[in-house]
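Chain naming follows the written order as A, B and C, and within any one chain the residues start at number 1.
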Amino acid sequence: MSGSVVYLILAINSVEVDWFRVYEGLERGWRFIQGFLTPDFSSRWQDIQIGLIESLTMTLTSTVAGVLVSVPIGIGAARNLAPAPVYMFCRSIITLSRSFQEIIIAILLVSMFGFGPFAGFLTLTFASIGFLSKLLAEDIEDCDSAQIDAIRASGARWWQVVNYAVQPQVMPRLIGLSLYRLDINFRESSVIGIVGAGGVGATLNTAIDRYEYDSAGAILIIIIAIVLVVEYSSSYIRRWVQ
Amino acid sequence: MISGADTQIWQFRTPKQHILRWLGWFWLVALTVFCWNLMTEDTIWAFVADAPRQASDIGGRMLPPRWGYLNQLWQPLWDTLNIATLGTLIGVIIAIPVAFLAAGNTTPSRYFVRPVALLIIVTSRSINSLIWALLLVAIIGPGLLAGIIAIGLRSIGFVAKLLYEAIEEIDEKQVEAIRATGASGAQIIDYAIIPQILPAFWGISVFRWDINIRESTILGLVGAGGLGLQLQSSLSTLAWNQVTVIFLVILATVIVSEWVSAKVRQAVL
Amino acid sequence: MLELKALSKTYKTGDRALSDISFSVPAGQVVGLIGPSGAGKSSLIRCINRLVEPTAGSVCLGETELTTLNGRALRQARRRIGMIFQEYALVERLTVMENVLSGRLSYVSSWRSFLRRFPQADIDQAFSLLNRVGLGDHCNKRADELSGGQRQRVGIARALEQNPELLLADEPTASLDPKTSRQIMRLIQSVCREMNLPAIINIHDVVLAQNFTDRIIGLRAGKVVFDGLPSTLSHEALTRIYGAEDWGQMQQANEPQDDDVLLDNTLNSSLNSSLDSSPMLVSS
C-alpha cells in the first residue's frame, strides 16, 4: 500500500506540465467542443470521402483475408487436432502477430510497401491473424471431445473429423469473432493513416494539424456512427447464427 | 441385414436454403472483390513488387542493434509506464460513476441519464487513444499530460462498458435482502452491489492497464511523450538500428506487463 | 468374433487401468461389462477401437490384429466397430440424418462428405435404420432438438450405419430415466440378435445388465473378477466386484416390469433360449 503511494508521488512528480500552455489550450479545447457540436461535413467532404472509402475497403478486405488465413493457423494451433511440430509453428506465428501494436507494424509495412491503403490492408490482416487464430484455437480446444471421439470412432479421416465434429461446434463463434474483428479493424483503420497507411486517419490528422476542429468533429462523428452501426448489426447477425 | 426400405430422397438443405446460402456467399465474395479493386486503384504495384528488396534493405540497417542507445531509453520507458498507470487510474475513477449510471438496475433514470452515460461510453470506445492524443497534443501541447489524459479518456469507455455489464449481471436477491433491511440507495450499493462486482472490477482494471501499456508505447509518435517520442525521432533520422532497440524494449515491456496482469487476475478471480 | 489377449493399459500418470485382460466374444453375444467407477470399463472399451492406446497385449477382430494398425488401416478397422456413447456424443448442431450418415464417413471421399453427397445406398440404409429405431420422421431435425432417449436412438443408428462387425457401448443409459434405459437396452439387444452382432456394453446398472445381456464380465481395479451367465451373478460375485453391500435388497427393488412394449417383444421372449455360447465362471 505505502509502496503504491510512493510510486504515485514519484510518477506525478515526473510529469512536467506547462500550466500556462494548458491554460492557453483551454480556449482551443473549447473551440474543439464547439466544432464537435457544430460539425462541418461539407468543406472537407472530398478528403473525408476518400479517407472513408479507404478505411471501409481496408476493413472488409483485411477481415476477409484475416479469416481465410486464420482458419488453417487456428486449427494448427489447437492442441487436440494438430501434431506437436505444427502446433509449435502456428503458436509462434500467433505470438509474433500479437506482440506488436498495429501502428508499429504499419510503420514497417509502409516503409516496405509505400504509402497508401495496401500497406494498411497488410497491417490489419497481420493483426487479425493473431487475434482470430488465438481465439479460434482456444475454441477448438474447448470443443466437446466426446463428439470428436464419436466421429473418429467411425473411422473418419482427420479432415472429416474437422468437417463433421469440429466445424459445427465452432462455426457460430467463428462468425461472431470475425464480426468483432471487423469492428476492431474499422477502428484501427481510422488510426493507422497517421503513419501513412491509408484511411480516414490521415484526413483526421490533417484536419487537427490545421486546427479545423469542425471538420475533425465531423470525421469523429462519422467514425462513432459507423462503429455503432457495425456493433448493432453484428449483434443482430450473431443472434441469427446461434 | 436391414432391408425393405423404399428409396427416399434426402436433401442436405431445401432448395430455398441452398439458393439463399449461395447468394449470401456470392454477395460476400463480390463485395470483397469490389472493395479490393476500389482499395488498390491507386496502389503503385512497382512499389509492392519492390517490397522484398526494401525489406532486406531495412533489415540490413536494423541489424546489428545499437545497444548503446538503450541508456537513452530508461527515462522514456519510465514515462511510458507512468502514462499507462496514471491514465488507467484517471479512466477507472471516471468510469465507476459512469458505469453505475449506465447499468439498467442502478441508473437513476432510464430515459435521461442512461442514454447520456451510454453515449459517453460509445464515444470513448470508438476513438482510439492515438486520436485522443492527437487532439490533446493540439489542445494542451505536447508532453506527458496529453498522453495521460488520452489514455484516461480511452479507458473510460472500456472499463465502464465491462463494469456496467457486470453490474447488470449481479444477483438481485442479495440486493433485495439488503433493501428489506431498510437500507438507503447508497447503502444498497455499498453492501449489496460492490461486494459482487469487486473481483470483476479489479480484473477489468488490470486488463485495461495491460492494454494501456501497449498503447502508451506509441503515443509519442504524435508528441504525447514516452518511448514513441524516441521512435519518432529515430524514424525521422532513419536510424533503423535504434528502432530495433526500441522495438525490443517495447516487446519486453509488453511481455512483462502481460505476465503481471495475468498474475494479478489469477489472484483476484 | 473378438479376442482380447493379455490386454493392459497404464496411463502416463502411472495409473494402471487394465492389467492382463483376456476373453473372447463370439458372434451374436451381448456382453455386459460391470464394475465400480474407475475399474477400467471405459478404458477397456476404448482400447478395443484404439481411442485409447493399449500398452500391451492384443486385440483381434476376426483375422485382424488391431493394436498394430496405423493410419488408413486403423480407420478401416475402426469402421468395422460401431460405438455408442455415454451422453450420446451426437454432433449437436448437425441434423439427425447427418449424424447417422457420419457412420459412413470412412467409406466416402472427404470431398463427397464435405458436400454431403452420400451414395443413395447409404441414404437408404440410414432411412431404414432411423425407421428401425423409431425416428423415421425426425431426420431433418437438429440433434439438439431431440430428447435424451431419442438422441441415444440416433447414436445407435449411427453406429449401425457403419455395418459394424462389433458393437461397443460406453454407458449407453447413464443419463436416461429407468424406462427409457430399458427401451434402449432392449433395442440394442434386439438389433444384435437380428444382425448376429457381438456387443460389449459397459453399464453401471447391474439389474439392467442382467436383464438384457447374455454374459456378464465383472471388472475390479483393471482385472476380470467375474465372467459368466447373468443368472450366475450371485451376491458373492457382486461382493467380489463391488465390495460388501446388502445385494438382496437391490434385486427385490428392481424386478423387471413389463411397462415398455415398444420394441420387438417376440425377440425378447426368445432371449434366454437362444444363447449360443456358454461362458464359464473364472476365478480371480
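In this text, contacts are C-beta pairs under 8 Å (C-beta built on N, C-alpha and C of every residue); 3 or more make two chains touch, one makes a residue touch a chain.
Bear in mind the structure is a predicted one, so any value in this text is a computation, not a measurement.
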Does the chain-touch network form a line, ring, star, complete graph or other? complete
B-C against A-C, pair bridged by the larger set of C-beta contacts: A-C
So how far apart, in whole Å, are chain A and chain B when each is placed at the average of its C-alpha atoms? 9
Rounded to the nearest Å, the gap between Cα centres of chain B and chain C is 51
Computed distance of Cα centres, chain C from chain A, in Å: 49
Could you check chain C for residues that touch two or more other chains and list them? 98
Counting only residues that touch at least two other chains, what does the list for chain B look like? none
Okay, in this complex, where on chain A does chain B touch? 7, 11-12, 14-18, 21-22, 24-26, 28-29, 32, 53-54, 56-58, 60-61, 64, 99-101, 103-104, 107-108, 111-114, 116-118, 121, 187-188, 190-191, 194-195, 198, 201, 204-205, 208-209, 211, 216, 220, 223-224, 227-228
Touching chain A in the complex, chain B uses residues 28, 31-32, 35-36, 38-40, 42-44, 47-48, 51, 54-55, 58, 78-79, 81-82, 85-86, 122-123, 125-128, 130-131, 134-135, 138-141, 143-145, 148, 214-215, 217-218, 221-222, 231, 235, 247, 250-251, 254-255
Can you list the residues on chain B that touch chain C in the complex? 1-5, 7-10, 12
Residue numbers of chain C touching chain A in their complex, please. 49, 51, 75-79, 81-83, 85-87, 89-94, 98, 102-106, 110, 113-114, 155, 158, 162
Within the complex, which stretch of chain C touches chain B? 97-98, 115-116, 120, 123-129, 131-132, 139, 160, 194-195
